[in-house]
Amino acid sequence: MALRQRLHKVIFESDTRAGKRFDVFLLWIILFSVLIVMLDSVAEIGQRYSDIFFVTEWVLTVIFSIEYGLRIWISPRRLKYLFSFWGFIDLLSILPSYLSLVLAGYHYMLVVRIFRLLRVFRILKLARFNTEAQILIEALRASVYKISIFFMAVLAIVTFMGTTIYVVEGGREGFSSIPQSIYWAIVTVTTVGYGDIVPHTVMGKFLSSIAMITGYVFIAVPTGIVTLEISRSALKKKECSACNSKNEIAANYCAQCGRLMG
Amino acid sequence: MALRQRLHKVIFESDTRAGKRFDVFLLWIILFSVLIVMLDSVAEIGQRYSDIFFVTEWVLTVIFSIEYGLRIWISPRRLKYLFSFWGFIDLLSILPSYLSLVLAGYHYMLVVRIFRLLRVFRILKLARFNTEAQILIEALRASVYKISIFFMAVLAIVTFMGTTIYVVEGGREGFSSIPQSIYWAIVTVTTVGYGDIVPHTVMGKFLSSIAMITGYVFIAVPTGIVTLEISRSALKKKECSACNSKNEIAANYCAQCGRLMG
Amino acid sequence: MALRQRLHKVIFESDTRAGKRFDVFLLWIILFSVLIVMLDSVAEIGQRYSDIFFVTEWVLTVIFSIEYGLRIWISPRRLKYLFSFWGFIDLLSILPSYLSLVLAGYHYMLVVRIFRLLRVFRILKLARFNTEAQILIEALRASVYKISIFFMAVLAIVTFMGTTIYVVEGGREGFSSIPQSIYWAIVTVTTVGYGDIVPHTVMGKFLSSIAMITGYVFIAVPTGIVTLEISRSALKKKECSACNSKNEIAANYCAQCGRLMG
Amino acid sequence: MALRQRLHKVIFESDTRAGKRFDVFLLWIILFSVLIVMLDSVAEIGQRYSDIFFVTEWVLTVIFSIEYGLRIWISPRRLKYLFSFWGFIDLLSILPSYLSLVLAGYHYMLVVRIFRLLRVFRILKLARFNTEAQILIEALRASVYKISIFFMAVLAIVTFMGTTIYVVEGGREGFSSIPQSIYWAIVTVTTVGYGDIVPHTVMGKFLSSIAMITGYVFIAVPTGIVTLEISRSALKKKECSACNSKNEIAANYCAQCGRLMG
């Protein structure tokens, strides 16, 4: 029982020295395993060092499996952990390797191991990394509704532009269907501009120009929204109980009346 | 008469349960019909399932026609509805299908049905979706004048850049005329960068670099404008009970009439 | 003398009805003449309608010449007008046509006529168009120093990146020299991304990725600068002489102490 | 000894007239030498004028060597200068030329001379250039932590997107490995859009569209962060004379110690 408690401190918490070391160790192991997945996908490297990758992968899988087993063992509420988000991600980290023993179609399935990367965020979360991240997340959460309205407006604009250019270019090269033309409109409005689909008629070029300038100006909208919310969540004020004026969150005394703040 | 009133509640309003259901039903029908228009334009799909699409389209047209008829019937002021924006959009949703019976040149005309998508916004409008959208729309409306000044400045810059590069590149590949070169300038200044027209001379590349950096910095202008206006319209004001003018949330006295505020 | 004064009102001012009409007339003439210059440059159109363009151009030149003569005649200080910015632009609007009679090398020289477009801005200036434009111009002027620092930083970054990739890609396709590689760096950092020069080595792609993300984040700097300055110049406050608190520029009474403001 | 002090004033300081002249002279020499390095890399120019470039380079190297020698001689703490950042850059400016005498592999090594450009910033620094630059640097420093969080989020997004499209496009043209696909994701999310790697399947295009819109909206985050910090560092604070903490310009009492401010 004492062992379980000590392991809990090491694995799930990060206040102790051992807990921090475990986190850092896991962080590097995860990043290393993600790197392996990536390199394995490069044909020349994957084929030449296939043996090394195979062994490394199994060593990593065993390490992650032990960790997974320990996490289940020391969890006070095992089922809750198993069906939690992180429990699912932990399982996803080892499952593909085991399944590859049973099933064929080896190659692509193993790509799922890339989700191990998500586990990095759990470690960062434990490491009180999020004092500042909280501001950003809060700002994004606060602007989610406005941004989704913006997103819908963009979808509508892109649909109309795509359809219009589909008619204008008359199904020429690239603009072979409405969905394809909408894809072009997205490429254009977001200012990505691959250049794989490009207008050829004068009218098409005129329309593209409008789409580009629209996109160029429209980017101002999410920026404005997020800027506002970041300012809001970063500049959160507390109110003085005496004169009700707003003070910076770090203030000890009210900047207007000089009284000590609660 | 009672039926007309009840139908009015269902079709034009969305406070009642039936009204909400009708809106949601219509929303899906519209999105579905737009999807059909899109898929129909894909050559392989459109040809293989042309029968299914034909039938589906007519079923949808009949549904929309009945809806259109009902809207006319229950409107207190029929002519006003018929010549309103939404009345026009509703007609546009069904007209192409009927016209296709009479006229040839079937294919492209049917694309007009994509305007059905606009009807989605009426439904969202009814659903009190716009508490937050209002802020964005207000911000965009407030910045329309400044942005149109910006827009004119961009047009002038793009015209001069296009003309200059037309001379510099001497009518080479792509830069065959001034309008074409202006198209290039727009592609470049907005940072879209298709790459379909690209400078080949040293001088042309130097000029392009200036155009790119100009565009890269200039995007700051609409962003600054919209950010300002979003902040303004989001950081709401309180109204003076005496003169109805808007005051800053922290004001003690109305800035227009000087009266103490509640 | 009375004629000169009346003409001055019509041509240089825009308060009277005739002055406004003259401005609007000139505005359309200028835009029309710019359109002619553009269309003339399109090979197919320019050749087919060369006669029409030739006549139109001379009609416009005569109109502008008369206007130029009148402006000189009615100017209280003729030399000052002749050597002013607008005097120079006015001359530039008619000179190319006359020079084309004397000189060969007709084609490209006539492109200078595009500078007539600048004259549009004089008309807009007279028309008190600039109440809001002033805010933008002031904001840009206020941020000019900061933006030029940013600009120098971008130039340095782009030079180092270009040089590095020149070494990394080893003079391969596109990266044939340092200036060429700097051009690539500008195309990349500004997120234009033509795709005419593209890295081929792994190291080059890695470096490009850094360049892209740098550019993606760096765009925040001019945006931040301009947003700040637009806010500043738009939200300029006036101070209450009684309590020194800042009030909105349109306020009649101080929002803090309720006193009437100067 | 007096000579050393006078030289110190000229070379290291810029308050005196001679000091300013020396700075300006050095500034032009440096920019000129960087230009030489660039032009030298252009094959046609570098080969034709190789003799001129060779001589010019050695003249410049001698000048920089003398300057380097003088800087060492007049430094009060010679070792400190030698191992300082600027001491290292100064050495890097002359070393490549000398090494080229000894070693082969001439060409690419000489590119290191481009780092001379960094010396420009020392001159600008001395010239009290940084009153405004300080605001930008301070703003960037203040936002470094938030931006690095953003950067990590972008890396994670780009990794997942790259991996997903690698599976979706099934190793087709361009998407040959996960790192390659991540490179594509970076090109897309940053809205650079070279167009060298482009999705070909319907699913791939759908995914790309999501990547583009994500990138289009995500650019709002660093912009919001930097805008906030630039506002903060530009809207300067006044310091409390008692506890030296910074207070808002409008504060009557110090927010940290509660004392009345001057």
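Letters A, B, C and D mark the chains as written, and numbering starts fresh at 1 in each.
By definition in this document, a residue touches a chain if its C-beta (ideal position, glycine included) is under 8 Å from a C-beta of that chain, and two chains touch if they have at least 3 such contacts.
Please read these numbers as outputs of a predicted model, since none were measured by experiment.
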Pick same or different for copies chain C and chain D, depending on whether their interface residues overlap by over half.
-> different
Decide which interface, A-D or A-B, involves more C-beta pairs in contact, and give its chain pair.
-> A-D
Centroid-based (C-alpha) most distant chain relative to chain A | C
In whole angstrom, what separates the CA-based centres of chain A and chain D?
-> 28
Which residues belonging to chain C are in contact with no fewer than two other chains?
-> 150, 179-180, 191-195, 215, 219, 223, 225, 227-228, 231
The residues of chain D that touch chain A in their complex are 145-146, 149-150, 156, 159-160, 163, 166-167, 170, 176-180, 182, 188, 191-195, 198, 202, 205, 208-209, 212-213, 215-217, 219-221, 223-225, 227-228, 231, 247-248, 250-260
Residues on chain C engaged by chain A in the complex (per definition of touch) | 191-195, 223, 227
If you look only at chain C, which of its residues touch chain B in the complex?
-> 34, 37-39, 41-43, 108, 111, 114-115, 117-118, 120-121, 129, 132-133, 135-136, 139-140, 147, 150-151, 154, 179-180, 183, 186-187, 189-196, 215, 219, 222-223, 225-231, 234-235, 247-248, 250-260
